[in-house]
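So that you can tell them apart, the chains are marked A, B and C in the order they are listed, and the count of residues begins at 1 in each.
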């Protein structure tokens, strides 16, 4: 069950990575590679931080699902593109699924509750960060108001609730809060009037 | 004592990350997230390379200090902005503090002296690299003449000296050398006249 | 023998990193740092994923070879620049050498055959990804048609063949396939007509 939810998260994150590659005009190999990287990055980061061999490298099903998401994107991207803001919606679904399953998997490795929440959020956030870095965007976790908060919220519900049912509740809550942020364009306040041209630099010689 | 120096380094690096986020026009969540990532990245990289669970994920004080630096930046950024080249100065302080404490922490995990110096420098350099990647700058360690050298110098003094007093000496030396580089705009020679447009590429189809 | 091939791979990847730094107009320290990072990144990623302390941090020869590649680039870059598409050619040689040696080293740590192939490809691909991120290019593995495929092919030959002779065959096959991709400008099909301006975003407030 946990595995099914995790692979679902890998798949939708893979779709978001594949779509980002399509929009960056990459070819079919680039689409598949970016789907794999985005689908698996968060889980690999979690396993490395826990100190266990990454499941995504050991178990071929992870790579197959993420690569499959890339192939699906390449074939079906006009369909996916008909979603409103397709990358953000798929990203939100991946965030929700991987934050809660990431937290549960962390608990299975006997880490503390605080750590499990943090590792769950890292699992959910990691893929999108890498996707945006690789196509040279500022990562969505930095650009968007409600992103890290719903990930931490979903992971907390999954950890405190204590079983897979609560993980599903956590995923629904995370997805709903994240969607609200997207739909209503909620953005938290920004600081000041500083301009990027004021950025401190050593003068050119 | 070592913990206090480390948390001070996390805090000033967090301020530099927060300021970079303010200048990239991110909202308050982006400021806090970037402060956390920049404050903790170097130490997490060190612990992963040593092969121990990252302290910054286990111990909530690291995250609290780095997140607090983000909040302080958001509230006090006009004040911080009055520093000359604020990001570079704060970055230099973080580089100095984390290079020496990173080297001492590495020694506590029974690595060799050479390795401890390298791991110390990675601890000091890591946060700034990630900050610059995330706001899409070329990392300061690549742009600036005196950056890796003072980090290696400070870490070497901390390792060879053999106690916390020497770590403080190392931090002061590192900070002084780095500041000299900033203030005098020291830049090492550049290579040749090649232009970036000569960069080899497969021709577009 | 495996060590010699690995260090040769580190050296040519270091040259590609150094050249990228020269073309980004970095100074001599930036050239050396980028050479070191690019030369060592893939192997460090492999060792972290296996869960062993990275050889490149423990053994000073790795850093010396990669740093030496940076120094050579700085002094000899007009010579290297006379190659057709120098970064891509050096990158192809590094890809070939590190994919096969990475796979053999992974096997030495008793991982499964599937995992060894994946870890070998990661060793070969990692350096180029980091190089391109750090100088703000889209990574070559995403831009170019034949990149991950030859890496996986070479690693598979090295794993299935079962000794160092087959590793050399794998490296030659990988290099030849990759070169064919560069020389003939082979690019796989791209998806659709979507434009990057259609990229979903939350509207600016």
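In this section, contacts are C-beta pairs under 8 Å (C-beta built on N, C-alpha and C of every residue); 3 or more make two chains touch, one makes a residue touch a chain.
Predicted model only: the values in this text are computed from it and were never measured.
S.K.: In degrees and to the nearest 5, what turn takes the CA positions of chain A onto those of chain B?
M.R.: With C-alpha atoms aligned, the rotation comes to 120 degrees.
S.K.: For the homomeric pair chain A and chain C, should the interface be classed as same or different, according to whether the shared residue numbers exceed half of all numbers used?
M.R.: different
S.K.: If you average the CA atoms of chain A and of chain C, how many Å lie between those two points?
M.R.: 26
S.K.: If I count partner chains per residue in chain C, which residues reach a count of at least 2?
M.R.: Residue numbers touching two or more other chains: 48, 51, 133, 136, 144, 187.
S.K.: Considering the complex alone, what residue numbers of chain C touch chain B?
M.R.: Per the touch definition, chain C meets chain B at residues 21-31, 33-34, 44, 48, 51-54, 57-58, 60, 63, 73-74, 77-78, 81, 84-89, 133-136, 144, 182, 185, 187.
S.K.: Going by the contact rule at the top, pick out the chain B residues touching chain C in the complex.
M.R.: For chain B paired with chain C, touching residues are 48-51, 111-112, 114-115, 118-119, 129, 133, 136, 138-139, 141-149, 187-192, 194-196, 198-203, 205.
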